[in-house]
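A, B, C, D, E and F are the chain letters, set down in written order, and residue numbers restart from 1 in every chain.
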Amino acid sequence: MFEIILPGLILGVFALISASGLYAASKKFYVYEDPRIEKVTDMLPGANCGGCGFAGCAAFAENVVTTMSLNPTCPVADEAQLDRIAEFLGMEKAVTEKQVASLMCNGTYDHSKTMMEYTGIEDCWAAMLVTDTTKSCAFSCLGLGSCVRACGFDAMRIENGIVVIDDEKCTGCGMCVPACPKNILHMRPYSKRTTVTCFNTDKGADARKACSVACIGCMKCEKVCEDDAIHVTNFLAKINYDKCTNCGKCVEVCPTDAIEIRGEEVIAHVAAQVV
Amino acid sequence: MAEMALLIVGAIFVNNVVFTKFLGICPYMGVSKKLDTAAGMSMAVAFVLTLAGAITYIVQHYVLVPVHIEYMQTIVFILVIASLVQLVEIVMKKTAPALYKALGIYLPLITTNCAILGIAILSVQNDFDFLQTVVFSFASALGFGLALVLFAGIREALDLRQVPKAFAGAPIAMIIAGILAMAFMGFAGMVK
Amino acid sequence: MNYADKFKKTFFTENPVTGLLLGLCPTLAVTSSAENGLGMGLATTFVLLMSNLVISLLRNIIPNRVRIPAYIVIIATFVTVVDLGLKATLYDLHKTLGLFIPLIVVNCIILGRAEAFASKNTVWHSIVDGIANGLGFTFALFILGAIREILGSGAILGFRFWPEEYRTILLFVLAPGAFITLGFMLVGMNKISKMLEGK
Amino acid sequence: MEVNRLLLMDSSPLGRDGDSTKKIMYTVILTLLPALTVSVWMFGWNAVRVLALTSIFTVAVEALIARFVSYRIDFMDGSALLTGILLAMNVPANAPWWMLLVGALVAVVIGKQVFGGLGQNMFNPALVARVFLLISFPVEMTSWPLPGAVDGTTGATPLGLLKTEGLGALAGTHLTDLALGQVGGSLGEVSALALLLGALVLFYKKYITWEIPVTFIGTVFVIAAVFNGINPQTYAGPLFHIFTGGVFLGALYMATDMVTSPLTFKGKLLFGFGCGFFTMLIRLFGSFPEGVSFAILLMNAVVPLLDKYFPDKRFGMVKNG
Amino acid sequence: MLQLKSFKPGGIHPPQQKLSAGAAITWGAVPKQLLIPVQQHIGKPCKVLVNKGDAVKRGDLLAESTGFISSNVHAPLDGKVQKIMRFPLLGGQVRDVIQLTCNDAGTPYREIVEKDYNDQPVDIDALDASEIRKKIAAAGIVGMGGAGFPTHVKLTPPDGKKIDTLLINGAECEPYITADHRLMLEYSREIIQGTRLLQRLFDGVPVFIGIEDNKPDALRAMDEAAKEADMIDVVPLKTQYPQGGEKQLIKAILGREVPSKGLPMDVGVVVQNVATVLAIRNAVYFDRPLTERVVTVSGNLVGQPGNIVLPIGTPVSTVMEQFDIDPARVRLFISGGPMMGRTSYSFESPVSKTTSALLFFDETAVVKREENPCIRCGNCINACPMGLAVARLTEMIIANGIDPAAKEAVLDCIECGSCSYVCPADRRLVHWMRLGKNIIRREN
Amino acid sequence: MAKEESVFKVVLTLVLIAMVSAILLAWVNKITREPIELNKRAETKRAVKIVLRGLKNIAYPEFPEEMEVDHSPVKYFKAVGIRGVLMGGAFIVKAPNGFSGDFEMMVGVDSSGLIIDTYVLDHKETPGLGDGMLKESFKEQFRGKRLAGTTWMVRKDGGDIDAITAATITSRAFTAGVKRALQAFERLKKEGQK
């Protein structure tokens, strides 16, 4: 019997030393840190595997709490755990409407003239170091795909010389906006589908010479809009999405097709949902 | 003296913890993305491994052996190591915040670094005396650090190269480890 | 819980070894043959199952502050049980697995599952989780061991593919071969996982 | 003025000199000709067989990858061929075909393509293959045909003799034999002078620089001299050590491989030193008779650290402004 | 034999191609219209002073500098402002230009210019340093070597920066370009006059005129002209590209190394290009603003390569007519030299203050470059005059992971093109470095 | 998360868990001790049977005895005949300086000092190379040899033993181990004659 009790006692002593030691140490050497860090650490799998790139779960939790972001994420935790952490930190997604990126250019190869053969690095910023534009319009999309590479959701592609955005795949993260050296990518609410597809601020004639679907600043849209949602400044129409109702009148009157309304059936669908 | 030198060379090169003993692979894969972290982890491991080597030696020879409960080695060692790591972490955090910043964050990872327990058990199996155990533990940690830092350097450089998508990340890391293990086999036979 | 799904997950997409890269030390160290891989896998499965079971039973009793030491003690207990048990029954296998039996303690899979799952779920679910993860681990080890054994010694589980006089690629049963084979296996498993997910 | 052809737009500079990757690769291959000629002269048709097989295998494997793994590869850019030839120079002349095939597979796949192909690899592909073969097929890789032996008799290399039987066994070997290649060994290990001859062209073309070869061979020389000085009964002389084995092939052709050697001056010096140091460490104390390939592989792994921590002095990095 | 001076590290030896070295400077006719870029310098943009329909006289101020680092733009000829519009400039940027219809279209340009210089020069000995600086600033002079940095700024070092040496840059290391070469031959006396003016600005510091040894006639002429001048020495330099880079020139002649991120004035040096010196001389002696420059016209499509004086704003198409170049055959059109010059896509683009050469090439001269993987041969590093690890830096830029230490190095790049020139893998190293600089600037 | 736990509870739980674990282990150890011992002994016994095969009517002790040859411990099972005559022995020796360190082997010797067979107990030699010593072709040459009349060195060193191809070092260690065992037997024999 003794040979069975003795090990029990010895390990018990070890455990006693270690537990009381740890307890005492944690009291004596107490250091304040954000209590949420510990809470988040608790919510993590605690494998301390380092798979997230941080040195252990606590370090990861600290990053989560300080940056308020679950990116990079924990490869071990499952969805539910991550959700719980997000909920605990109050990081739930805002209930505002999803934004999508839209291109303020329609300068396809058909609409504007290609002026040169650019043979440099396939990147819009790199191209901008060599030339301001590759087409007849100085404001147009270069079509070299810097935004496509910035998009982490496979929502963009280059087609016929300009970038095409898939509204469904776009998550509204906005990474593409600063990736564009021409500054022609803007965010708009998902349901507001009317866009001015031009960014040319040259005078009408010059703009028209550069691109067949350029906004010439003729003011027709401004006049026809009943909601005071579209205004022309610097020979360029701009839509105020707080006011736009997708009525489509501006699209009809635009003489150069510089205003576009995207997928009308989708609008109906969205409208139905809103109601 | 020569014996000690052999022990050290053996632990670092010939029987490298990572490449020939397969110990500490998880942190080896996990903490080797950046050189800074790799270096920090190496130092933390060296510290804890040496300390753990010494303490487990005492536990083994003054507790386990006298009462004939060698079979409890695993459970006692791991309890000691886990408590030790946590204790070091708590104490360091308070008394040496600078050091904690540099090493402390790697400490939780060390509990699950099998190199610590592995080396402790190996020291016992090899019948090392106290000094040998300490030297062996420290040298093994150096070997681990060498592998980690070498590997981190390679991975940093690899980030700049065009590794095929299918191989990027863990697979290429494994293959590199394989090639390194091959290269380390050149040291075979150096220490009898 | 959808069991079929759960098992598919732990075998492929979230396989502890090839998906989450956990428990790599034993994976690499003992897979010089399919048999060793199988043995190590099953030993780990046993520990995983038992520790999951006990920890989920005690999950409301163990105080938070000593959670980790407590879990480790529980895990270490079962590891020692396996160690002694194997020695008593399968002595030869124990000899080859050697050092790595005690190291099951620090296999991240076990502590990981204890923390992530068993400490938060009911006993029954924890048992299923333990078995699934253990078998996933075993599966990976077995495959890896099989590949290495076939390439490195031309045989698997005693069955020879080509006569003993023929050369085999020795490297595969040695340390470098373990890393290289696992590297390629990760690629393969990723491909399979993608195919499974694609369906 | 209407322009009917579009002008090119690109970044400066718009001119270029005539060098190309292909040209470099094929030049290196050409400079290997003297050494290859010597080995064919020594080992006869067997050498030709090994050379042809490895070349065909490596290029074929690369071609297959180019064909089936949709990855941009020009398998005729000479890099695969060069790897093949270097691999051939690292195996014995009587190597069986299947071993060469395994070697080619390892060199191209594990040594190069898994990293992303030309220029992306961290380790010298030919050496990865050589070490792989050495570990996998030790018997085949360590029985060397003797030069001029038609009957297929095999023997150990001078280094092998030194390792297994001590210095006494080398009594009959003259330094001139070593320098000219009248000893057993792999195709490329045999003639140091022929290798040097080819490498002179590379120096002239500036495809290789002096730092790595000189520090590599120099380190081997110095370490060997020190040990020989301490105990001439046990340790062979420095000239023996630099002329035997793969030191010249390694120092001139393998360690200087552009892709896997450091970029910086100090890095190169340290790299060469490390290669020499580990070579001698393994030769003197390890159980492998030859350490050149292990040493270079090891140092390949250190290259990123060397490049990072031993940068060249930048213009304008002057003290006190 | 005396070892000629040159710079270290790096440097390359591209073929000289100085086809127009023997062609004396010519003068064309006044073009029908000029397109005068509103901004031709580095720094703050100018404010346009004229409106559509305004009549302007040669020398009138068209656009005014708006700050210290800024530079005036003057009307090169009499005419009427037609329009102010966006227009592609040489080098591909689309910027505002002032369209001017010339009154004297067709008359020889030389006559108009020479009228100005027939007057008595102002009494330069009566001028003090600040007046000279003022005149230079008013004349809108910018660095004519290519960078276009406002000259008066360079000549006004901040307090505490002691200038002890003045360098005149006559290296002209770029292939093809001979404009400075011809200026040194034909206007050596005037250049020395300008040099002495500059010397006065810095209390008579010693002056070295650096000229590469591939221009022996220019060396002789300048030596001759500098004979009676005090403390002005002509230094022959071993031909090596990019000898004309400021930092390289200082290193070659004085052995001093401008610190990273620093300027020549940090080592007590001011460097001026010979063309700029001539412009300074004209501005101070005759109060003439900078409205014309000598441009080399060359390339394999040019039958008679030459050097021509052009009023700023001359559309390239006018020059092409004078040199009988068939636009339909042009495939590559470079303003500046082939190493650092920029491509352009419109023959209507105007010549500016910084246009040193117009080069026209057909299809045969074009090297189509496909980027191959880097084989780490190190050629780029050996060629880099700034001692940069180009291969590593570009790797980082491509992978979008420029580490902090590397950022400084990237910003040190002078874009001389040596690395790309020697790269066997045809990598667009300079373009990547420029992109890297751009990324770093965007981050800040 | 639970509220602040008391010291008492924290320490007690851990101690309890530890004690229960330890007691469990002690119990497992108790019931497995015997089978483990048996397993260990069974292996040695199996080896002894192999290396002493062909010897009839012998007895050897349950546990080996120990002596020292060249400062290295040698364990041995003395095989005695019916009348207590020394009929041979099984010697467990350390083969020194193998490729991967020392390895343990057993050598069986008959009464006249001839080797019956060899058996490697535990080794770490390179698979495919050093483990050639487990092959019949290698072991065969030792059988029937005795200490005298053979130069116990590999051929390369001027001895009579054919080394395993490409594994000279292993062969050397093996040969030295065999020699050690034979010396041990000679000593045993002398002691017996005294």
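We adopt the following convention: a residue touches a chain if its C-beta (ideal position, glycine included) is under 8 Å from a C-beta of that chain, and two chains touch if they have at least 3 such contacts.
The structure presented is a predicted model; accordingly, all values stated were derived computationally and were not measured.
Asker: So which chains are sitting against chain A and chain E at once?
Answerer: The shared contacts of chain A and chain E, listed by label, come to B, D.
Asker: Counting hops between chains that touch, how far apart are chain E and chain F?
Answerer: 2
Asker: By that same contact rule, can you tell me which chains touch chain D and chain E alike?
Answerer: Shared contacts of chain D and chain E: A, B.
Asker: By mean C-alpha coordinates, which chain is most distant from chain F?
Answerer: Centroid comparison gives E as the farthest chain from chain F.
Asker: Have a look and report which chain pair racks up the highest count of C-beta pairs in contact.
Answerer: Comparing chain pairs, contacts are most numerous for D-E.
Asker: Could you grab the centroid distance between chain A and chain D? Build each centroid from C-alpha atoms only and quote it in angstrom.
Answerer: Chain A and chain D have C-alpha centres separated by 50 Å.
Asker: Measuring centre to centre with CA averages, how many angstrom lie between chain A and chain F?
Answerer: A distance of 69 Å separates the two centres.
Asker: Provide the C-alpha centroid distance between chain B and chain E, rounded to the nearest whole angstrom.
Answerer: 60
Asker: Give me the residues of chain A that touch two or more other chains.
Answerer: 6-7, 10-11, 14-15, 18-19, 22-23, 26, 42, 47-49, 51, 115-116, 119-121, 126, 129-131
Asker: Note the residues in chain B that touch 2 or more other chains, in rising order.
Answerer: If we look for residues of chain B contacting two or more partner chains, we find 26, 29-30, 69, 71-72, 75, 79, 82-83, 86, 111-112, 161-162, 167, 171-172, 175, 178-179, 182, 185, 188-189.
Asker: Using the touch rule from the top of the page, what residues of chain D touch 2 or more other chains?
Answerer: In chain D, the residues touching two or more other chains are 6-11, 110, 114, 116-117, 119-120, 132, 135, 138, 287, 307.
Asker: Using the touch definition from the top, list the residues of chain E that touch chain B in their complex.
Answerer: That would be residues 373, 392, 395-396, 398-399, 401 of chain E.
Asker: Which chain B residues qualify as touching chain E in the complex?
Answerer: Residues 159-162 of chain B touch chain E in their complex.
Asker: What part of chain A is in contact with chain F in the complex they form?
Answerer: Against chain F, the touching part of chain A is residues 3-12, 14-16, 18-20, 23, 39, 42.
Asker: Write out the stretch or stretches of chain E touching chain D in their complex.
Answerer: Residues in contact with chain D: 9-10, 12, 14, 92, 175, 247, 251, 257-262, 266, 317, 327-328, 330-334, 336, 338-345, 347-348, 366-367, 369, 372-379, 381-382, 385-389, 391-392, 409, 412, 415, 417-418, 420-426, 428, 430-431, 434.
Asker: What does chain E use to touch chain A in their complex?
Answerer: 85-86, 88, 91-94, 342-343, 345-346, 368-369, 428, 431-432, 434-435, 438-439
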